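Going in written order, the chains are labelled A, B, C and D, and every chain counts its residues from 1.
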Amino acid sequence: MAQPDTARLLIACDDQPGIVAAIAGVLAAHEVNIISLDQHSTDAEGGRFFQRTVIHREGLAAHRPSLEADLAAVAERFGMDWSLHDAAKRKRVAIFVSKYDHCLMELLWRAQRGQLDVDVTMVVSNHPDLADAVRTFGVPFVHIPSAPGAEAKAEMERRQLELLQGNVDLVVLARYMQILTDDFIRDVGAPVINIHHSFLPAFIGANPYARAKERGVKLIGATAHYATADLDEGPIIEQDVTRVTHAESAAELQNRGADVERLVLARAVQWHAEDRVIVHGRSTVIL
Amino acid sequence: MAQPDTARLLIACDDQPGIVAAIAGVLAAHEVNIISLDQHSTDAEGGRFFQRTVIHREGLAAHRPSLEADLAAVAERFGMDWSLHDAAKRKRVAIFVSKYDHCLMELLWRAQRGQLDVDVTMVVSNHPDLADAVRTFGVPFVHIPSAPGAEAKAEMERRQLELLQGNVDLVVLARYMQILTDDFIRDVGAPVINIHHSFLPAFIGANPYARAKERGVKLIGATAHYATADLDEGPIIEQDVTRVTHAESAAELQNRGADVERLVLARAVQWHAEDRVIVHGRSTVIL
Amino acid sequence: MAQPDTARLLIACDDQPGIVAAIAGVLAAHEVNIISLDQHSTDAEGGRFFQRTVIHREGLAAHRPSLEADLAAVAERFGMDWSLHDAAKRKRVAIFVSKYDHCLMELLWRAQRGQLDVDVTMVVSNHPDLADAVRTFGVPFVHIPSAPGAEAKAEMERRQLELLQGNVDLVVLARYMQILTDDFIRDVGAPVINIHHSFLPAFIGANPYARAKERGVKLIGATAHYATADLDEGPIIEQDVTRVTHAESAAELQNRGADVERLVLARAVQWHAEDRVIVHGRSTVIL
Amino acid sequence: MAQPDTARLLIACDDQPGIVAAIAGVLAAHEVNIISLDQHSTDAEGGRFFQRTVIHREGLAAHRPSLEADLAAVAERFGMDWSLHDAAKRKRVAIFVSKYDHCLMELLWRAQRGQLDVDVTMVVSNHPDLADAVRTFGVPFVHIPSAPGAEAKAEMERRQLELLQGNVDLVVLARYMQILTDDFIRDVGAPVINIHHSFLPAFIGANPYARAKERGVKLIGATAHYATADLDEGPIIEQDVTRVTHAESAAELQNRGADVERLVLARAVQWHAEDRVIVHGRSTVIL
């Protein structure tokens, strides 16, 4: 999966004629090849335009400043938000966990097998239980205990932020059972992906499996989303479900759900790692 | 699908030793063959027990009174709710619609093809639009218009109840866009199945597709449930979903959802027709 | 779904730098807006390149000749196959059936509801059974009986070709139980889509449901594909499956499969209608 | 998941009246409670009858001989095959692997988490690569190398049989890339479950992912089945699929398929562990 001389160009702007030609023209002028190009307009008339272009050019690194200068000029003309991501530079990820290990193990395992294009640089937990399991993968495990009270909480987050700021490109909450404060999400300096153990917006909040059992639902789901101040309301990246029956207990629903959770979270993290996910209001565009 | 001499025995009681042996003993004593037997206990210890037994015996109709007498004695002993349903006697169904035709057509079509074991005896609508489509199937179409105001509503329901009481075994709301009153549901004398155009309990209430689009969900669902006073809260019979992307508009989500709705509703009605669905609190057991 | 002034540009060529820029440049020069653009390269290095671009311009019809001249020049330079399809011009479709009606009805019904962007101009059958059902939709039904022997077969296909040649843009085999000859497929002058009642390449040939039951498979599928001389080997457009259990008889598997068939065929025809399907060797690219 | 005093009674016999009553009568007479009862008849008229009954009784172990004597008498009368499995006695499993680790890891991980009711007593491989990964779980890893030639093969199987005979209740081939001989399967003295990396019977044999890519299929599947002399033709226990597109390379299809394989294999092993799978000819009944 090493991709030297390859980068991903993301742009977002108001929809208007000539965008594709302008960008493609700059790329052609710089002898940059388009590996793939995906786009989305929120509306046939007007609306917002998004494009992800994977590009390749021998010696891209050396050439990048002059390419960026020309892209900046086009971006200025069209009022574009844009960014250019080096495909060879894997994102540094911190995983937050408590005691449930299934999502954590799935991510560590895929990263080790080369099926998840990230570097897991640390695992942070409010419990010590999973230290050995994590260190087996050669990944540092940091135990920052939680304690009751607002002051303890603030202290815990201070220690977490010290660890994270500048050191990670992504935080993944892999069934981390603590609420993050708005301040933390604002200050951490990296996007935060959470896995919620239900098909949102059904069963927002606590104990979704018990409530699903009580309600007699026929499908159990999981949702990966960006964490925002309003925890279960952030933009959804991926969801999936599995069929269940009345014969399964709440505990069995939890096991069935755990299998969905780990696959949904792994897909969401991989798509984020490949710069495929663009946030648009409360929703996402996956390119 | 004609099943002479076949019946379905449903029982529900508190779980206790000896239930299966007692019922099977009565059946064997009456030379009744067990075609299939499904059961469910809500809890390994204690809890509620449900059983559906499909039975067959030459000349069952003539023999039925003496069989019922012995079953009643067992039921008395174990405190069972029980019922015996003649498999050859198809349930009489009234379908309620407004203007959307996809669920209605699916049901009529399946009934005509022999894939839905019910007799659709009437279609009732508050709009005249679907009269021709329905009558093509040889099914009576009754237009009972809605009008503003509580009195008009009461009058409409009075006319509906006149039509239905004693004449139908099941009412299916196939995207019927009027709220039924609690009085109607209590007085109609038959269970009512509704199709809700979302994966309940997500998007309870109006405009679920627009809200799903706005929320950026990745799956669109539908839920068939028994209607109760609290419309979207009745026991769920069946649910399903289909995968969607950001590229689909709210109108396209609606079309995608319509395909899920009609299959989910058809399955729910067929299961009800086969006496497979037992209500247990706010949920169902499907045997 | 009326789309005046809108067209779909399909191109296919060997992958090479500058394609996107060249096409986008022509479009921009003609003040043509790109509504959507999808592309696929079969290989990151070399390989084959495919692109579908939905374009819009006020007064496109009048402007089309000059646009086409410039596109032809670019196509010449890059060695492109290309075509430009007017989105407002719906494809004329002939549906072939025998006695099974489920796929036919699904297509007629969707076309009538505006959910299938084709004009069904005729239904051709070797049996008279479905004449009334078809004519209810205002669609001509033509009965061309089959008879034993090569000569009768040749005569039947002669009559079919007379009906079809020049009159249709697509032929859909909606569970048509006759084998088409290679000559027919070559001479009919339009692509032919077939629905096969199994998850190809499993259960190629006759009686797939009985064989699936005998083999104890846990999923039942259907496959829509372009018909070629080797009937079950043409490029696959769409496939889907549904879960089944040992408790379902071969007849029930057939009913379950019928539901999959009609949805799979409807999706395949709609994608073809939208010029989304490009054949590439034995497979397809869906853009 | 400890289930003291619980057992699973499996019976199979020609369908005939009175079976359920006779078994339930014996159980009731022994004050044995029925926790769950599932049955299947292959045909409404005649055919073969299968039943799985989960039973519970205080002090079952001490009571078992007298219960078995009465069951044997009933079995004699009805010509039943029957077996009684102690739910507290977990099956001893040997896992065979080569170099792919995804199915192996899934099984080890689930067993460790208590989500797979087996004891993995050894892992056997023809390659040394996965020794460390296996021993981390506290499971013995035995390297029995393969070598060219029939004699080496016979020697390898001799060593494997020495290890296995009497020591295991189940052998799982978790992407083991060697063909087992008929002699091995006959002599090993335990059922063998294999995971095949395609939706059988499609793509029987080698390189299914490459062939699926070349054929342009839209779904990728996996099949868990009992191994028989004809390797890819044994009775299917479980199958599943996942949706893929033209944009995915054969290598990506392989990764997507690996996720299906490990879930399908885990479900098949768990069902076997719970004595839910009954072989019937070339198919299975899952109770």
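By our rule, contacts are C-beta pairs under 8 Å (C-beta built on N, C-alpha and C of every residue); 3 or more make two chains touch, one makes a residue touch a chain.
Computed from a prediction, not measured in an experiment: that's the story for all the values here.
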Message = Give me the set of chains touching subunit A intersected with the set touching subunit C.
response = B, D
Ask   = Looking at C-alpha means, what's the farthest chain from subunit B?
value = A
Remark   = subunit C to subunit D, mean C-alpha position gap in Å, rounds to 42
Ask   = CA centre of subunit B versus CA centre of subunit C: separation in Å?
value = 37
Request  = Could you tell me which residues belong to subunit A and also touch two or more other chains?
outcome  = 40
Note = Per the touch rule above, subunit A residues touching subunit C in the complex are 17-22, 24-25, 27-28, 31-41, 44, 56, 243
Inquiry  = So in the complex, the part of subunit D that touches subunit A is made up of which residues?
reply    = 101-102, 105, 109, 113, 115, 136, 255, 259, 263
Remark   = The residues of subunit A that touch subunit B in their complex are 40, 199-203, 213-219, 221, 235-236, 238-241, 245-247, 280-286
